[in-house]
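Below, each structure is written out as structure tokens.
In the two assemblies presented below, chain A is common to both, partnered first by chain B and then by chain C.
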Partner chain A sequence: MRPILLQGHERALTQIKYNRDGDIIFSTAKDQHICAWFAHNGERLGTYHGHQGALWTVDVDPTSTLIASGAADNTVRLWDIKSGKCLKVWDFNTAVKRVEFNEDGSRLLAVTEKRMGFLGTIVVLNIDLDPEAEQDDEKKLVIECEESKPTVAGWSYLSKYIIAGHEDGTVSQYDAKTGEQLDNTQVHDVDGLITDLQWSPDRTYFITASKDKTAKLVNARDLEVMKTYPTNTPLNSAAITPKKDFIILGGGQDAMEVTQTAARQGKFEARFYHKVFEEEIGRVRGHFGPLNTVAADPQGKGYASGGEDGYVRVHQFDKGYFDFNYEVERQARAAMQQ
Partner chain B sequence: MSKVANEKKDWADDEDLDDTVDALPAQTTTTNKDGTKTIVTWRFNDEGRTVKTTRRIRFTTHKEVVNPRVAERKNWNKFGLSANDGAGPASDTTSVGENIIFRPSSNWRKDAKEEKPEVGSMKDQLKNKKVKCRICNGEHFTARCPFKDTMAPIGEDSTADPAAGPADTPGEASGGLGTGKSSYVPPHMRNGGASSAGDRMGGGKYERDDLATLRVTNVSEMAEEQELRDMFERFGRVTRVFLAKDRETGLAKGFAFISFQERTDAAKACEKMDGYGFKHLILRVEFAKKAS
Partner chain C sequence: EDADRGASADLAVVEHRRRLLDEWLAWRSSTEEDIREEREARGLPLDPVEGLIKKTDESEDQVIE
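Let's turn to the complex of A and B:
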């Protein structure tokens, strides 16, 4: 496969998101704009300007009309995808590290940083998907995390729970309506900060990536760890691929240590694991720095990775990827057909 | 009045006009025999000089059915930093990377592990290796050997003996050297001709490869290495597939080499695949001839 290189950012990438149809990619970096790209040819649709600090996160609503972004300037902004206009700004006390729309796009959660005496919080906002509409100013729900600050969070199936990953390697489950903490489980090591949390297509389970060099597949209902993918490098991101039962992991040693090691040892590769057999099945090289974020195309046709080097690489899988099957999978398929 | 002035230009103006027109010849597009197009464009660079750009392009129409929402989004106007970009990817933000071969495989880790210990063992080998003189087996380089003028290398006398006859025996060292080494002997002829150890090593590699390698000709130009691999893999483990491709067009040139691990598998494949119809062409399969 021949990757498409996107050079829209001058600084390290922080997050990449595909929209639901898989035709547009949104990328954020530590410079101050969001880029929108067409996934099939890498053409840039446009950039969204307005933030005054490093952008940490972006998410697109399920109908591909709005995007939300969170940045180090303590704001969450809502944008019209088509025109690039900023529709709404919500102010917070600290930087916003993660935003995510729920399944129907009616609500948005934002994770704020613990800093300057403020606790790390998860805030829920109401969203009106009409770009013309006046957005609600009120924060519908504020979950304060006293024990350990949340780093990532997301909505489970039917927007029933809010799942958050914490600095101390725990994952907690909150009731999405009341904000009450229902469960808290030590999924990763105590010093293994959870760097990413991405959902399966039906949002019944999710994958967490952690600095403790593992990624784990966790059930959203009871926070049971279903699968573990061990690696030899701190992980920054993990994605679940639709269509094929694979996991994509991205990582590499910290940016500050990059200059001390050769690229070969830097482990700047996207790693592919089999979701069920927990076995590594291949790697894709390309970045010059650690991978900060990976995203899988919801249509299963490709994936994109963003690195500390400021590049986004968009890959379209070729035939070998789709043809790959374990012997047991082949046999099962053959048995099904008979 | 003005009409007349327009039609009949002043000769000085004319020259000026000509100059600018001449400076940028029109873009020319020629269609080549192999279906590619050569596009020659001219532009001014920053220093005001004309630059000729020749691009050779193959157009392939890739049709894709997308849902109406996606199709509508493709027609959206660009905005922000891309507001002034034309249709299609802009060259300053989008480029195409080098091709990456990504074939998921369940024994990926095993393959990678095999690689690493090899490197380690090589290091170990070198660790234990000591400098050894070829003449006296002492721990110094051959060139530094105190006996280098008086004795022939150890290996040489034994192998040279049957081939060269009486010349190089240690007993008549000085005389033997005089006659034996007076003229230049090319490296591959030394040590008694073609059957030297070094030669065998080089030749052995090709030999082994050739033994189980098939030459496939009359391959369709649309063929892919993967397809060939899939076809031949059913006869046994294929170690290497080489499909000759045109460097510029990327189309197959019409022949390929398939290496098997086992010669028996290769023989079977040769027998079965010779005359096999593949992409409207009939394959011809034979054992590859030794590279001369």
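Let's turn to the complex of A and C:
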């Protein structure tokens, strides 16, 4: 698996997203611009300038028309992918740490930071996918998180629930229409801040990554923890691979605690686990600092990682990856074909 | 004897994996079925993006004509 190295950011990466077709990658970093890249050759398709602070988050709508971004300048921005034009700016009281479109791109959620006098919130905005359209100013729903600040959030299947991960290791489920909290579960350790939440293709379950060094696979309907993936390092990101039953984890000790040698040798690794068997199956080295974000190509052809070192590494899976099967998987497939 | 012990341990591991995989596949198929019913009941397409993509294709076709 020979990676393509994408050089376009000068600061630590914060999030990577593939579009639905898996041919374009969007990346954000602390250097205030968004980059778009062709996944197959790493060529830069464009950059999006306008934010006045570190960028924390980006998402692309399911038709690959618009992207949304959130930043330390307390704004959410909506961009036309093709023209690079900023179509809309929504202002908030604090930094925006996470944005996500729902399954049909009609709504966008934004997670805002907790700061003196302001609670952490999850805000819902209406989106018109037509780049020519006037976008709605109004915040359709504001969920205030009084108990523990939200760090990540996303939309379930049918846009039925909003699921949020919190600073105190809990995951909560809200009614996406009313904002009413339906459930709250201690999924990770009490001091295990949840750093990432990514969906299965059908949004019926998701994976969380935490500073408590584990990732968990959780049922969106009842917040039941179905699988646990223990590691020996604080995790920043976790992704579910389509086509194969794997998950990809990224993390690493923060710069202060890292030995010079480890950093020099690029020993920071993406870890692959079998999703169902919870067993580690491989690691991919390369970054010179912790992995802040990992993303799986929705078409299942590869994955990308973004590091504290400012690089994006894009990997195309090879034949060995697709051929890899446990004996019981081979038998199950054979039985199904009969 | 050591080899036997190894073999039976392997067998236990394989049986454990088989159970995990069966459970997973059963959960997936029941969940997929539930979602299909829920989408149909709400009159939604099975693929949430299906309608959106078609719309774009049509408008592109019109431009070509």
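As a convention for this text, the second predicted complex is superposed on the first by the 329 of 338 C-alpha atoms of A that agree within 3 Å, B and C clash if a C-alpha of one lies under 4 Å from a C-alpha of the other, contacts with A are read in each partner's own complex, and residues count from 1 in each chain.
Throughout what follows, contacts are C-beta pairs under 8 Å (C-beta built on N, C-alpha and C of every residue); 3 or more make two chains touch, one makes a residue touch a chain.
From a predicted model like this one, the values you see are computed outputs, not experimental measurements.
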{"item": "First, second, both or neither for A:Tyr326, with chain B first and chain C second", "value": "both"}
{"item": "Touched partner set for A:Lys17, first chain B, second chain C, both or neither", "value": "neither"}
{"item": "First, second, both or neither for A:Asp104, with chain B first and chain C second", "value": "second"}
{"item": "Partner chain(s) touched by A:Lys213 [first = chain B, second = chain C, both, neither]", "value": "neither"}
{"item": "In the superposition, chain B vs chain C on chain A residues touched", "value": "B"}
{"item": "Partner chain(s) touched by A:Lys114 [first = chain B, second = chain C, both, neither]", "value": "neither"}
{"item": "Partner chain(s) touched by A:Leu158 [first = chain B, second = chain C, both, neither]", "value": "second"}
{"item": "First (chain B), second (chain C), both or neither touched by A:His188", "value": "neither"}
{"item": "Partner chain in contact with A:Phe272 - chain B first, chain C second, else both or neither", "value": "first"}
{"item": "Touching partner for A:His49 - first (chain B), second (chain C), both, neither", "value": "first"}
{"item": "Set of chain A residues, in rising order, touched by both chain B and chain C", "value": "277, 326"}
{"item": "Chain A-touching residues of chain B, taken from the complex the two chains share", "value": "64, 66-67, 69-70, 73-74, 76, 78-83, 85, 88-90, 92-100, 102-106, 108-109, 226"}
{"item": "For the chain A and chain C complex, residues of the former touching the latter", "value": "20, 62-63, 65, 103-105, 129, 157-158, 202, 204, 226, 245, 276-277, 326-329, 331-332"}
{"item": "Residues of chain A that touch chain B when the two form their complex", "value": "1-8, 21, 23-24, 33, 37-38, 40-49, 64, 82-84, 246, 272, 274, 277, 279-286, 313, 315, 317-321, 324, 326"}
{"item": "Chain C to chain A touching residues, read off their complex", "value": "14, 17-18, 20-22, 24-25, 27, 31-32, 35, 38-39, 42, 44, 48-49, 51-53, 56"}
